[in-house]
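Two complexes, one shared chain (subunit A), two partners (subunit B, subunit C).
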Partner chain A sequence: MSAPIRVEVDGLGKDFVGPDGRFTAVRDQTFAIDGGTRIGLIGESGSGKSTLARMIAGLATPTRGTVHVDGRDVHRLLATRAGRTEHWRAVQMVAQDTTSSFDPRRTLRDAVATPAVRLCGLTTVEANRRVDETLAFLSLPAALADRRPSDLSGGQRQRFALARALVVRPRLLVCDEVVSALDVSVQGTILNLLKNYSLEFGAAMLFVSHGLPATAFVSTSLMVMRAGAVVESGPVESVVTAPAHPYTRQLIAAYRGTPMAVAS
Partner chain B sequence: MRQNVLGPRAVPETAAPSPDQVDGSVLAVEGLRVRYPGASAEAISDISTVLAAGDRVALVGESGSGKSTTGLAVGGLLPRDAEVTADRFAIDGRPQPLMAPGVLPRRRPDVSMVFQDAMTCLDPVSTIGTQLRTVLRDATGASRAEAKVRAAEWLRRVGLDDTVRVLGSRPYELSGGMRQRVMIAIALCSRPRLVIADEPTSALDASLARQAMGLLTDLVRESGAAMLMISHDIDLCAEFTDRVLVMYAGRIVEEVASERLHTAAAHPYTRGLLASVPTLAGAGAEWLSAIPAPTGESGGCDFRARCRYATDRCAELPPLEAGVRCWHTADVLAAPGAAAPAVPPPSLREISLEEVPA
Partner chain C sequence: MSVPTAVVVASPRPRRAIRSETTRWLLAVPAAVVVLVAIVGPALAPYDPTRVIGPPGREPFGRYALGTDSAGLDVLSRVLVATRTNLLIALAVVLAATLVGLVLGAAIGMNESRRGPLGTLARAVNRFVDLFTAVPAVIVGLVAVAFFGGTVTVLVVVIAVVLAPIQVRLVRTEVLRVRGEAYLEAARMAGFSELRLTVRHVLPNSWGAVSENMPVIFGMAVVLTAALGFIGVGLPRPTPEWGSMISLGASDAATGRWWAAAFPALALIVTVAAASALGTALRARRA
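Presenting the complex of A and B:
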């Protein structure tokens, strides 16, 4: 098992320029993610979850503040080629919208194998074996890998996006709404797999989702975002049973209103 | 009358009042089938249902089961080369052409659709304000000034209070959830008779999804319109509808009253769906239950290869009887938990170890 990761988020903030001027999508946030913890980031639409997650993953540039992975400034690391390799080998993100995240001209095997070669330094033969292992883990028939991204269903493409991230065996996996677009019948399978990956590899996770029950199942702790700021955080158990912020209470009440599924 | 329409066809503009108009049905379909070009099987087979004014019906099922195809067929938006047939197809009691005449599919004027993928349905280059005002003016004949006021009102109704910023934004400048709410506003502001919502709230958090669903259902009730709600969120659907239709492999396999979903559902697939929904109560569970992955064709009952109750009898397609398409409902009701047990997932480490050659 590789060394557990330590991620420090310090005063991290982002502004966008909109039609009526500058507005703050993420207010300066400070927290840490340690190896093996799975943080569930929940919050209403537009609260800044994806923006925060993208900055932590190194996919968006912060307006203010820093992210350190194992003591090194991510956004400085990303300025060099060697630094990028080092960073993407440790941190992988699966984004909300997978339609645009694959090159339409390349096969999926190619897309999944590339990070294994470039980031992990595997030979083509080794990388292909790693791809097959990862596809088997995600219950993806290997034959699908020879297709192009447009020839798959949304759910299959979503699983290939997960495969492309897991193929490098990241120590931090950032997932942005990875199951929201999937069928209930596959959601459970994927959530089980993600949790198991983190348990087996001691990997940390940042799991962004608006689905509270799914997030609570996967995560060890929850962070609740509202209007660009984390308004509540703590172990899943305590946030769910004793929510402190009115928004969290409202969210949990919305789920309590749902008839519970039959226990099996 | 069997309509079999592949191209333009004439339909009497003023059909005589049918029994549907008398009993007030908004949508009546019988034996609706769709086959896409080159496909070996029908995408949907033998779909029948009647929606009265004010009815709210949910259509649930997994990806590829034919939910969207059903919605598109009813909305008149199937690709031109799809082959559509039905024994009966009427909106507001008037028989409808199965495909609108013309080169491009055109939406039926009385039917509004809300789609799951807001990014591709909104015009990427014009502002939300322009798009909303255009629909308001075209559909309701509102003046420029009225449309401006009502556009802001509609945004507030779907929970977008920052109206100035949203009206001036282009779709990519909004979050996924905000775009989805804009779509709902655009679809509802034209005051349709039937609203078909295809995964309208999948991008919203739970409390906003509930608000949006509450809004949809309130508007439906106000206007006497009917609603066909397509979603994979079976519990959310059930909460806001009167009836749930469960689809599997292009067929309706179960029809059940929404309030009795958890107690009365008797099809193994419906049971499996219900058990695999994560719940807050089950947040501490080690693993979630899951329906086994699909394994290709099996013949007979389409669910056979994944079904834990299957017997030899299931080699024959069961009929939809008393709302369920299954030979063994008694066994299911006796042991509903068997539909989707919680089993530990595979181990990536073990997969990797096994396959590394010596």
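Presenting the complex of A and C:
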């Protein structure tokens, strides 16, 4: 188990400039994520969850504010080669599966092994062993790795996308709707695997989802987002049983009678 | 239960995809023949293509297989040697235009939506390329040949400059498409720089469309070379070249001696058609 990560989000905000002027997708947010915590970031469509998550991961440039990982400014870090290696070794993000999650011209093994070689400095042999371990962890048959991405089902491809992120053993994994496109039984399996990863490696997780139940199952705390701002956050138990914000109450009510009720 | 009434909305019938492997190979045959002629043709030429070898205006299919032109040069020998010249020029143009297309197209496509000086530069270059598309080849040709003289190098550069914008725009379009693909973000998270990313993922995934367009550029280059030769800003006479041969032979054609212009024209048409067929074969590969 590596040193637990500390992520500090400070006044982080993003505007998009569109045809009808400036639009604030994320209003200056401040919070921290500690190693070992699993945060469910929930909220309605368009509330800015993906934008916030992408800025935290370092894939989107903030308009305002900073993200520090272990005390270092992420966007400054990403400007140098050494900084990129350091950052992406610590932080990885997986998004909802699309057919373009993988380069159609390369094998899946190549895609999964590359980050291990480049970021962890493994040799090809070591990287391939690491790939096999990771695939086994995600219950993926190693034989599938020699296929082309287009040969796989959406669910298999999504697991490979997770493998590509987990192969470097990140200390923060950001998951944006990683299971939304999968059927419910597979959703549970994958979320549990991710929870196990977090427990085993002490990694922090950020699960972005507009669905409450599945996220709440595997999270330690919840953040509820609305119109670009986090309106409520806290341990899953307290947010679910005693929601403070009317919007959260509305969200919880919508899920009454679902597995969420069992979870709490 | 309702039976759907036949409301058939007229839709343009999609062009039938060429499915058979055999058809694809057959489509590549004319191009192979033309290339073969360019390679072995000059060695088979019966006479020196730049020397007077007989009386002017001799009819074809006699002592001189394709006749002689108004100066008494052998038309067959000239067509054979010109095939190599015209093909080499067009080939060099295709390579140069595609290379420029890959470099500029990728540079523009990867940077144009960026903030800061790099983005501004990319957008400026893009505008400049668009502007260049509007410049007529003939004017560029006239000016360049006047300045630098009619050599193969000058011709190649001039025609490549005229045609490169097509490849630049095509590459840019492909790059913009690939740039939005999720795997690029994954490659970024593997620590690749934007340049490495472009070389590793963006260009290989753009190459299909670009290579399919190469025969099209080739055909255009053949036509432009001949056009410049026709108006007299190509290679100096009597260098065998289809365009100048056609223009020289055209005056004879008016008096019934059609061969000096017709055979180079036929070679030109066959070459352009062969390139077009090859393009079709390449595109059919992906369909």
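Convention: the second predicted complex is superposed on the first by the 254 of 264 C-alpha atoms of A that agree within 3 Å, B and C clash if a C-alpha of one lies under 4 Å from a C-alpha of the other, contacts with A are read in each partner's own complex, and residues count from 1 in each chain.
Rule of thumb we're sticking to: a contact is a pair of C-beta atoms (placed from the backbone, for glycine too) under 8 Å apart; a residue touches a chain by one contact, two chains touch by 3 or more.
Keep in mind that what you see is a predicted model, and the values were worked out from it rather than measured.
K.L.:
Scan A:R84 for contacts with subunit B and subunit C and give back first, second, both or neither.
P.N.:
After superposing on A, A:R84 lies in contact with subunit C but is clear of subunit B.
K.L.:
Thinking of the overlay built on chain A, is A:A214 touched by subunit B (first), by subunit C (second), by both, or by neither?
P.N.:
Only subunit B is touched by A:A214; subunit C is not.
K.L.:
Output check: A:R164 vs subunit B and subunit C. Expected answer is one of first, second, both, neither. What do you get?
P.N.:
In the superposition, A:R164 touches subunit C alone.
K.L.:
Check the residue A:R129 against both partner chains and state whether it touches subunit B (first), subunit C (second), both, or neither.
P.N.:
In the superposed model, A:R129 contacts subunit B only, not subunit C.
K.L.:
Return first, second, both or neither, reflecting whether A:G71 touches subunit B, subunit C, both chains, or no partner chain.
P.N.:
neither
K.L.:
Between subunit B and subunit C, whom does A:A111 touch in the aligned arrangement: first, second, both, or neither?
P.N.:
In the superposition, A:A111 contacts subunit C only.
K.L.:
Who contacts more of subunit A, subunit B or subunit C?
P.N.:
B
K.L.:
Name the residues of subunit A shared by its contacts with subunit B and its contacts with subunit C.
P.N.:
none
K.L.:
Which of the residues in subunit C end up touching subunit A in this complex?
P.N.:
Contacts found on subunit C: 181-183, 185-193, 201, 204-205.
K.L.:
So in the complex, the part of subunit A that touches subunit B is made up of which residues?
P.N.:
16, 18-20, 23, 42-46, 50, 96-97, 129-130, 132-134, 136-137, 139, 153-155, 166, 177, 180-189, 191-193, 195-197, 200-201, 210-214, 216-217, 236-237, 240, 250-252, 254-264
K.L.:
Which of the residues in subunit A end up touching subunit C in this complex?
P.N.:
Contact set of subunit A toward subunit C: 59, 81, 84-85, 88, 92-93, 95, 98, 100-105, 111, 114-115, 118-119, 161, 164-165.
K.L.:
Tell me, which parts of subunit B touch subunit A in their complex?
P.N.:
Going through subunit B, the ones touching subunit A are 62-64, 116, 119, 164-165, 168-169, 173-178, 180-181, 202-210, 232-236, 238-239, 261-262, 271-285, 287-291, 293, 336-342, 344-349, 351-352, 355-356.
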